[in-house]
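Labels run A, B and C following the written order; every chain starts at residue 1.
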Amino acid sequence: MRPTLRSRFLTGCLVLGLAAALVPAADAQKRGGTLTIVRPTDPVSLDPNLETTAPGAWVYFNMLEGLLTLDEKMQVKPALATSYEVMSPTKVRFKLRPGVKFHDGTPFNAVAVKFTFDRALRGTPPARWASLAGSLDGAEVVDDLTVDVVTKEPYGPILRTLAMYCMGMVSPTAVQKMGSDFSRAPVGTGPFKFVEWKTNTHVIIERNPDYWGDKALVDRVVFKVVPEEGARMIALQTGDADMVLFPSPAQLPALRRDSKFTVHETTGIRVVFAGLHAGMPPLDDVRVRQALLHAVDRKAILDNIMEGSAGPALGVLAPGVFGFKDMQLDRLYPFDRAKAKALLTQAGWTPGPDGIMVKGGQRLSLSWLAARGRYPKDGEITEAIQAMFKEVGVEAKVQILEWAAVFQQVRAATLNHHMFTLGWVTSNADADYSLYALFHSKQVPPVGWNTSRYANARVDTLVEQARRSLNQTEREKLYGEVQDILAKEMVWIPVYTTKEIIVSRAGVKGFHIHPVEYNLTLSKSWIDK
Amino acid sequence: MTAWMRFYRNRLAVLGLALILVLALSAALAPWLAPYDPARQSLVEKRSKPGAKYWLGADEFGRDILSRVIYGSRVALLVGVLSVLIAVAGGLVLGTISGFAGGWVDAVMMRGIEILLAFPYLLLALAIVAAMGTGALNTTIAVGVWGIPTVTRMVRGAVLALRETEYVGAARALGAATPALLRRHILPNIVPGLVVYATLFMANAILLEAALSFLGLGVQPPTASWGLMVSTGRDVLLVAPHVATVPGVAIMIAVLAFNLVGDGLRDALDPRLRGSA
Amino acid sequence: MLTFIVRRLLLAVPVLLGVVFVVMLTVDLLPGDAVTLMLGEHATKDAVARLRDHLGLDKPFLVRYLEYVGRVARGDLGRSIQQNRPVAAELADAWPATLQLTVAALVLAAVTGIVAGVASAVWPNSLFDALARLGSLFGLSMPIFWTGLVLIVVFSLWLNWLPVGGAGSLTHLVLPAVTLALPSIAMIARMTRAAVLDVLYQDYVRTARAKGVGEFLVLGRHALRNAFIPILTLLGLQSGQLMGGAVLTETVFAWPGLGRLMVKAIFARDYILLQGAVLVFALVFVVINLLVDLSYGLLDPRIGRQ
């Protein structure tokens, strides 16, 4: 068994080279200074066990490192591990980087890896990222610098899972000594270490002088909380902040032209969509669903509502995700009101007295659940599509509720709405994570997140097969077929793919934005006044 | 001179009344007055500056702001008037009972009121709307309930103070029944205060509706609400100030109108001010 | 007097118990659940069940209520569901900021409001009266988040005099305190004007005037003293509203206070944190009420006898 696996998946042992510092020497890097970042919310916690959302991740990603990491091109790269070897379908062996110490002086080794995974997966309650980690079951110590990562069943996405932002290693001694205080002052191996967290005011981290790799260039980073979008932008203009996370889309065109600022942007990995309940009449008719796609002018939404702050949705996955295939939406479902009406007519709908389509005395009226502010411009795109639907004789009864209420209803076993505005981020950047949880017929909430209540036996087989396979080429092909099927059946109206956008003063150099919103790397940034 | 005559002699109050009439007319005649369908979108014309086509400009969906302001007067009037009625009616009943009954009834009721007052109103509004569903009417109820404790305490305070005055004491001694006392002596004395409060509350009602609409607990799209218009327009305050300013001014004018009328009514109704204005 | 205070404080206990009960019931009735919200879209069914069990959320409502009350009686406010941090620590972080902002706004509102109101009443229908009334109308009519943003644009962006937001120095306090105080100034000024005018037309004031008592004394000894009762009632109510109503101001100015903490807790359905925050809020409110009632007695002996 083992040799076959080796020959199939590994041409020998794949050694991952050290990521050398490849920054071109165009500017002379300067050390020192404080980088002040404003963002809308305070972290829940700084411990990945309790916090998987961005406000915490932005901070702890700079203090805690995992075995692997994803670079800006979405390739898996070494971090605390230097090489790996697949031992069996459920076991991967990692060689660990020697001579690494946690911020508190504790040596980093196989025991620390096992400790981190045990704490997260066997703890009561388990870590919040446990749900993101699929079949990951823990780690076994082989020797001081060798560790086996074990999964419960063959799990294709294992490497990308270990490269997730929340898989940072924690210092066993610090956790034992600090108890629950650890979550407010984490101890890792990263280029920055924790200084202070004043709730709802700021979090401060500073350079780790003993870092194993390239040391951070700035002395300190201050993360400030400024909830109001307008106020954040003003803080940047007055110089109170060096960098703004979640800048105001409406101001981006002006900022792009302004030489005092730099707009950093890249395509993200979240797709925001208007979901369709495929099990609920009249949306159980694929022609009605397709008609709705033709009725939506996605380009107008991108240009006028997103205003360049998002990219087109190319399918149910974002382009950076492993297994992504372009679903050719613009070719298959161009904005065409005549086509939309024709499809509705085919499905037996005729215009009623008030312009809304009718069939058998029933109006084509769809109830639609959305929140405002959960995903960028979610309320606005819902309102825009509502108006577009009206043009083809479809009435949308929109209910904009607080996120908690929307979430409760969408996550319930039965959903009593035709449509819902949601977003989905492929956290581990592997198609399994989305295609399995979102479209497998057994993943209807509350088990998974098949909010469309979509059921297709072929899709079920394909995503199961791809999940168990460790052959990445084969997996890519299987996921391609899934996306081809979905492109015909359309249980979503994909609206946009997020863009990660950060605006900084022009004096902030060396910063590279990452497609995954959580992966905010600050150690290479420096301040040139 | 009658109260109405005195009211009509107050020019500011008449101006306020005229503004309220305009408001009421625009609410009643909205479909004929509005140049466009308030829900009609034209995304490419988003945030158009005020001009020949859109007199007050267009919002972030390219909807005509003037038409939305006109239709928004319906929501403002509905929420403002109804919520005040709820607050005043509730407060009047509870406050009189509490003030008159005294003793343990009063103590229990006051503790209940304190619970309500000690409760962050946002949570209360959330609870009411969450329990009953979203929409303009439920928002109104949530806003109205918020005013009940304050009115109750005002009324109770007035009743307590008046109970001790000579004329109520005398009326009591003469064997007047409580309802008669209430109608003849207490009510006329608290009406001016209530009118002042009701007009002030009207302002707050409209502003609270803005906050609730913003939280997604107000009217549902595509219905136009001034509060929602200001709330969503504030994101573009720096690039397109008119989107938030116009409905903000509409709120201000509506509130101003109610205040002017309230003040005028107060001066006109308060017998002690007779002839002084 | 002392027995009165003790009795009132004892009476506050059922109020606080009632507040906790109402908060807990409300959160229970609201759609949405702390654990599923916290774990998000990605959570497995099993993860949700295990965390709910760990937090004891599946116990019956009354059991949870009694457990909570029992813990609070022993001085333990519990740990926030979302952050797993002692609620007392969360409150200790937020409370000073709220107190600072509320007191600043209240003092500003009371001083400005009463002075303007009295002046308006003494010279009714004068130019000052007209300006003050017009000013209060504006103060009352502007949505608070809009006022706040306009102030930021003017004083931070254009003039660059004051910081945009956050807490720290006294300069940080200016804009939020003014924004928060504006509606209250207007409210207090109007109420003061109405109350003082009211008293000025009472018979005993006329009598005092007729007896030749100086206008200043009339105002100080008779008018203000009696007018203070409604004004105090309003101040008591305003202090509560300022504290609770600071939410929007705190959001606009990134002020790290109790208001934002509560909204966050409501949206996260973190009822343990919410209860702790509301308890503090309610306790302060009870004390303010007590102070207001005590001062009634001092100002008007007729009520004091009650």
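Here, a residue touches a chain if its C-beta (ideal position, glycine included) is under 8 Å from a C-beta of that chain, and two chains touch if they have at least 3 such contacts.
Every value quoted in this text rests on a predicted model; they were computed, and no experiment measured them.
Peer 1: Go through B-C and A-B and name the pair with more C-beta contacts between its chains.
Peer 2: Per the contact counts, B-C leads.
Peer 1: Of all the other chains, whose mean CA position lies farthest from chain A?
Peer 2: Comparing chain centres, B lies farthest from chain A.
Peer 1: Using the average of all C-alpha atoms in each chain as its centre, how far is it in Å between chain A and chain C?
Peer 2: Each chain reduced to its C-alpha mean, chain A and chain C end up 40 Å apart.
Peer 1: What is the distance, in whole Å, between the centres of chain B and chain C, each centre taken as the mean of its C-alpha atoms?
Peer 2: Going by mean C-alpha positions, chain B sits 20 Å from chain C.
Peer 1: Which integer distance in Å separates the CA centroid of chain A from that of chain B?
Peer 2: Inter-chain centre distance comes to 45 Å.
Peer 1: Could you list which residues of chain B touch at least two other chains?
Peer 2: Counting only residues that touch two or more other chains, chain B contributes 126, 130, 234, 237-238.
Peer 1: Can you list every residue of chain C that touches 2 or more other chains, as numbers and ranges?
Peer 2: 30-31, 149, 153
Peer 1: Identify all positions of chain A at which a residue touches two or more other chains, and write them in rising order.
Peer 2: 230, 234, 402, 405
Peer 1: Can you tell me which positions in chain B touch chain A when the two form their complex?
Peer 2: Its residues touching chain A are 39-41, 43-44, 46, 60-62, 126, 130, 134, 215-217, 220-222, 232, 234-240.
Peer 1: Which of the residues in chain C end up touching chain B in this complex?
Peer 2: 11, 14-15, 18-19, 22-23, 26, 29-31, 124-125, 133, 137-138, 140-146, 149-150, 153, 187, 190-191, 194, 197-198, 201-202, 229-230, 233, 237, 240, 244-245, 247-248, 259, 262-263, 266, 274, 278, 281-282, 285-286, 289, 300, 302-303, 306
Peer 1: Could you please specify the touching residues of chain C with respect to chain A in the complex?
Peer 2: 30-33, 36-45, 47-48, 50-51, 54-55, 82-85, 90, 93-94, 149, 152-153, 156-157, 160, 163-168, 251-254, 256-257, 260-261, 267-269
Peer 1: Would you tell me which residues of chain B are touching chain C in their complex?
Peer 2: 107, 111-112, 114-115, 117-124, 126-127, 130-131, 150, 153-154, 157, 160-161, 164, 192-193, 196, 200, 203, 207, 210-211, 227, 230-231, 234, 237-238, 244, 248, 251-252, 255-256, 259, 263, 266, 270, 272-273, 276-277
Peer 1: What does chain A use to touch chain B in their complex?
Peer 2: 229-230, 233-234, 248, 250-251, 254, 297, 300-301, 303-305, 371-372, 379-380, 382-384, 386-388, 390, 397-402, 405
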